[in-house]
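Okay, so subunit A shows up in both of these, paired with subunit B first and subunit C after.
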Partner chain A sequence: MIPVAWRQFRSQAAVATAALVAVAVALAVTGPHLVDVYRAGLAACRAQGTTGSNCSNPVAGADRGLQVAVLAVVLVAPALVGMFWGAPLVARELESGTYRLAWTQSVTRRRWMLGKLGVVALGAMAGAGLLSLMATWWSSPVVTAAQNRFSPGQFGLLDLVPVGYAAFAFSLGAATGVLFRRTLPAMAVTLAGFVAARLAVTYWLRPHFMAPVREVLPLQDAGIGLVVGPGGPTVVGQAPPLPNAWVVSTTVQDAAGRAPTAADLRHACPDLPGIGTAGPPAGPGVGHVSAAVPVPGGLKAPLQQCVATLGARFHDVALYQPADRYWPFQWFETLTFVAAAVLLAGAAVWWVRHRMR
Partner chain B sequence: MLAVALRQCRLRLAVAGAGLAALAVVVAVAGPQVAHAYDDTVANCAASHDCALAAAALRTRYGLLSGWLDVVVAAVPVLLGMFWGAPLVARELETGTYRLAWTQGVTRSRWLLAKLGVLTLGAVAAAGVASLLVTWWAGPLDRVAGTPFASFATRGVVPSGYAAFAFVLGVAAGVVLRRTLPAMAVALVGTVAARVVVTVWVRPHLFPARVLATSAVSVGPLSPGLPLPAGSWVLSQSLLDRAGHVVASQGGLGGGGLTIDIGPGVRLGSAGSCPNLRVTPGSIPGPQAIGALVQRCAAQLHLHELVTYQPAGRYWPLQWAELGLFLAAAVVVGAAAWWWVRRRLV
Partner chain C sequence: MTAVLAARGLGKRYGRRWALQDCTLDIPAGHVVGLVGPNGAGKSTLLHVAVGLLAPSAGSIEVLGRPPAADAAQLSRVGFVAQDAPVYSRLTVADHLRFGARLNPTWDPALARRRTEDLDLDPRQHAGSLSGGQRAQLALTLAIAKRPEFLVLDEPVASLDPLARRQFLQSLMEIVAEQGVSVLLSSHLVADLERVCDYLVVLVASHVQVAEEVDTLLGAHRRLTGPRRDPASLPGDIEVVEESHTERQSTLLVRTDGPVLDPAWTVEEVGLEDVVLAYMGRAVAPARGRRARLGVAP
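Our next item is the complex of A and B:
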């Protein structure tokens, strides 16, 4: 069965190989420039005496169009695999009637399905893996400079996870093709289903793979934001300086877990316009106190006073996924998608064996 | 013939209608929220002297949804080309139903024209409605961003042009290749390629760019902004020395920045150095001080800047021009498909 499946898959594999070669050439030509920009940016930053994460490297702005294009290719590749390889896999045989010949040979339907699914799924995963490998190599200067590896635009497009996405999209396409028996609706449903699954995992499931770490920081280190709304002033926690970590939430609270009330703020920050009694009347507006955000010169002293007074009672509580959980999260998400792919493929095989004709 | 064409594409029109209705619900729910948040923060920011932070707060809150709505508007034309255009003729050829259709009283050309006409109008309308909804929703966010050209391709009338082109390209690919799946792939790749080519190489030159020569140099931290009308689209920026040689450029394709060295004296890349400008030894100058040093050094070296740009007032002329470009391309591709069906097919 495997030679037959391979022969049916040849032209699709040729198209994918050509596309991969084109991407490889484009990345090999443009990659070294990014490395140069990164090194020059780092050198310039160090020359000014800045260290570590305070260096904003110009590599993020270099070759902006190319960066977007590379990530877009990795983003859509699994969806294309599902639509153009998965959905027609069985649906086209059903539509064109060639399944009649296939099913009356000596090969059982189960082996026929397993052979087709196995060959193309391996091809899809290998292709996605190669593409991801190239994109990961190419964008490594950008990733190193950004120090934000958990951001959806990097976590979901680099390293291991695209392999899981490709396996899932392919199985989803094959299963919907079996169920609908027609290629075009199966392609549309595969696209919609894959996008929905990616969104659901990214925004609802991924944050809960592991319980976040809780860290209590003094306000002076973390910095706070003050928001003056119609209901009086409130305080917002600032993200602590944790490179490559995924900060889930930051809140300002005291030992009992209570957030500072408007009265607390008025007491601690009497000299801030909009909050205390001084300055213009309380109008809507936003102000931030933090080492990173420059504040107008006249406000600096009252703000520092405000943070010091508040800091005696309140702390910044940050919930975050530490940077060293990047690979556990990559494996977890990849295996989740591969498991879903295996389930869908199993359902497709069962449907073909028991529910068809 | 029109009735047959309509009946054949009922399901597709229904799916597109359902998708647009879903988009309308999202926009209708989130629209008043954005307008309210805008009134809450940005509209009164002058009172609290902090418009930059108010704008940043609004962007952080709705940036994600805005990004996804942009993706939807950008994807609609491509999906129409793949799922409406490519199968239109290719499926009839694959399944053999064209034999019945072509042996009725209707000529081939009227058969194709009716199919093309009904669905091109549908595609233009669908993309236009999607763009209209998102343009309205993102109004406050776009006002805050102040860079109308950044979201040029997902606002206004151009998505309708993309949809007409993508749809007709899908039909033509189906006619020539006679198979649905390869035609869908061609519609996808062709539309994306056309969009990229027009965005990068054609749009900046649809109207001759204006040129601004200024002695205000925008290098270094806290440099003064360019003296351009708000919302202009900067195409390229070059720093020239006294003799008119380019010492640094950005924008366009390629180009390199300028390395600034602040050590004993100030050096501006290959433009030259100002050894007389001294930093107090043992202290690290702040961005304000570095910015002032760079400006003084640039003045000493007689550097000036050459900027090419499209003024903000050309936003709508450019929208209509790009719409016309894609509609014209759609007509050309459609005529080719029509000729192929009449002369070359079967």
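Our next item is the complex of A and C:
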């Protein structure tokens, strides 16, 4: 069955290979420029004495259109695999009537389905893997400079996860093609289903793969943000400097878990405009001062006073996924999608064997 | 002779609609069997169940003594040419032969090659650009080169022009002569079946009206023409299949095992088509009879 499945898949594989080669050439031509920009930026930062996250490397904004295009290709590729390889896999046979030829050869439907699903799924995963490999290589200067590998725009488009997405999208397409018996509606449902699954995992499931690490920092180290709103002043926790970590939340709270009240703030920061009674409001209603960003000279002393007073009772509590969990998260998400793909493929095989007679 | 196909109370339902219901049928081995019946009689459904594309909703069916498509071995014993001879339009003729060779352990490459040569099929040609006749021949090649014991064809010539139709049936006859394979083919045209079949099954609304050898069928049926009279007055061994009456004359199509001796009748032989049409007509006659009686009511 495998040679037959391969023969039927060959022209689609040729189209995909041509597309991959085109992408490879484009990335090989444009990649070195990004590396140059990154190195120049790094040298400039070193000359100024800034390193790590304090170094704002111009590579982030270099070749912006190209960066978006590369990520868009990796973003869309699994959906295309699902729509153009998965959905027609069985549905096309049903529409054209060739299932009557295929299923009356001396091969059981189980073997026929497993052969077709296996060959094309492997092709889809290999293609997605290659594409991701190229995109990861190409965008590595940007990723290194951004120090934010868990951001949805990077985590879901680089390294391992695109392989899982491709497997899932393909199986979803094949299963909906079996269920709907027609290619076009199956393509539409595959696209919708894939987008829904990606969003759901990214925003609902991924944060819960592992319990985040809880870190308590003195306010003096973390800094605070102060927001003066219509309801009075409130305080906003600042993310600790954790490069490539995924900060889930930061809050300012005391030992009992309570946030400082407006009264606490007025008491601790009497000399800050808009909070204490000493000065007029900083703006038309909302002002923002933070110890982490440069503040006007006149406010520096009152702000430090404010942080010191608050810091006696309150702490900065950060929940985050450490940077070294990047690969466990990549594996976890990839295997989640691969497992879903296997379930969908199993359902498609079962349906063809038992419900399509 | 053992049965190549034995169905008992066979039914296939789609939702609430029965495409085939309570069909009981035995087809002996070693024949070219024609399955004829009006559209919607369930011919195609019956054939699809026989080759395992559909599973019965009711009753049972055995093909060559086993349930259809039970496993790969059973699949290899039955060849099938589906209606309109589906092939992969983007694959070439040679691809199709490789497809058959890969998927059938019993594949006969010499037979496949000889047939494509005899038919002048270009191995490099895409199946999508073949004529209807060539496509049907390619499908037949795939079905026969797996060396089945039982070959099933669903309306194989319905969409072909008369020349392609004759060539296809000619090919089929050659195959039967060479391979000695049992064949079941459906058609709604008796003329096509008459040319190749030695056994006939007439199916009307899932029910078998006739199932016997063509020679027996032709030998047992006669058309009687004579002065008008009540068919009930005929001897008991004469069964009236179809009757029509004018004011003075009666025309009967009867089945009888012996000669008709009554000199009042003119006795003629009848063609297969007339016999088949008579049985098809009889199967729907009760409804017509009721309508007629209502028509003459005061």
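Note that the second predicted complex is superposed on the first by the 345 of 357 C-alpha atoms of A that agree within 3 Å, B and C clash if a C-alpha of one lies under 4 Å from a C-alpha of the other, contacts with A are read in each partner's own complex, and residues count from 1 in each chain.
The rule is simple: a residue touches a chain if its C-beta (ideal position, glycine included) is under 8 Å from a C-beta of that chain, and two chains touch if they have at least 3 such contacts.
Keep in mind that what you see is a predicted model, and the values were worked out from it rather than measured.
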Query = So, on subunit A, is it clash or fit between subunit B and subunit C?
reply = fit
Remark   = Expressed to the nearest 10°, the angle that the Cα centres of subunit B and subunit C make at the Cα centre of subunit A is 90
Ask   = Touch check for A:Gly97: first (subunit B), second (subunit C), both, or neither?
value = second
Message = Quick one: is A:Val4 in contact with subunit B, with subunit C, with both, or with neither? Answer first, second, both or neither.
response = second
Task = Have a look and say if subunit B or subunit C is in touch with more residues of subunit A.
result = B
Partner chain in contact with A:Thr183 - subunit B first, subunit C second, else both or neither = first
Request  = Would you sort A:Val216 into first (subunit B), second (subunit C), both or neither based on which partner it touches?
outcome  = neither
Request  = Tell me which partner A:Thr108 touches in the superposition: subunit B (first), subunit C (second), both or neither.
outcome  = second
Request  = In the overlaid three-chain picture, find the nearest pair of C-alpha atoms across subunit B and subunit C and give that distance in Å.
outcome  = 11
Message = Just to be sure I follow: which residues of subunit A are touched by subunit B in one complex and then by subunit C in the other one?
response = none
Of all residues in subunit B, those that touch subunit A in their complex = 15, 40-41, 44-45, 47-50, 53-54, 57, 79, 83, 87, 91, 180-181, 184-185, 188, 196, 200, 257, 259-263, 284
Remark   = The subunit A residues in contact with subunit C across the complex are 1, 3-4, 7-8, 11, 96-101, 103-108, 111, 357
Query = In their complex, what parts of subunit C are in touch with subunit A?
reply = 48, 51-55, 69, 71-73, 75-76, 78-80, 82, 84, 86-91, 95, 98-100, 102-106, 139, 142-143, 146
Task = Spell out the residues on subunit A that touch subunit B in their complex, using ranges where they run on.
result = 15, 40, 44, 47-49, 58, 65, 69, 80, 84, 88, 92, 183-184, 187-188, 191, 227-230, 273-274, 280, 283-288, 293, 296
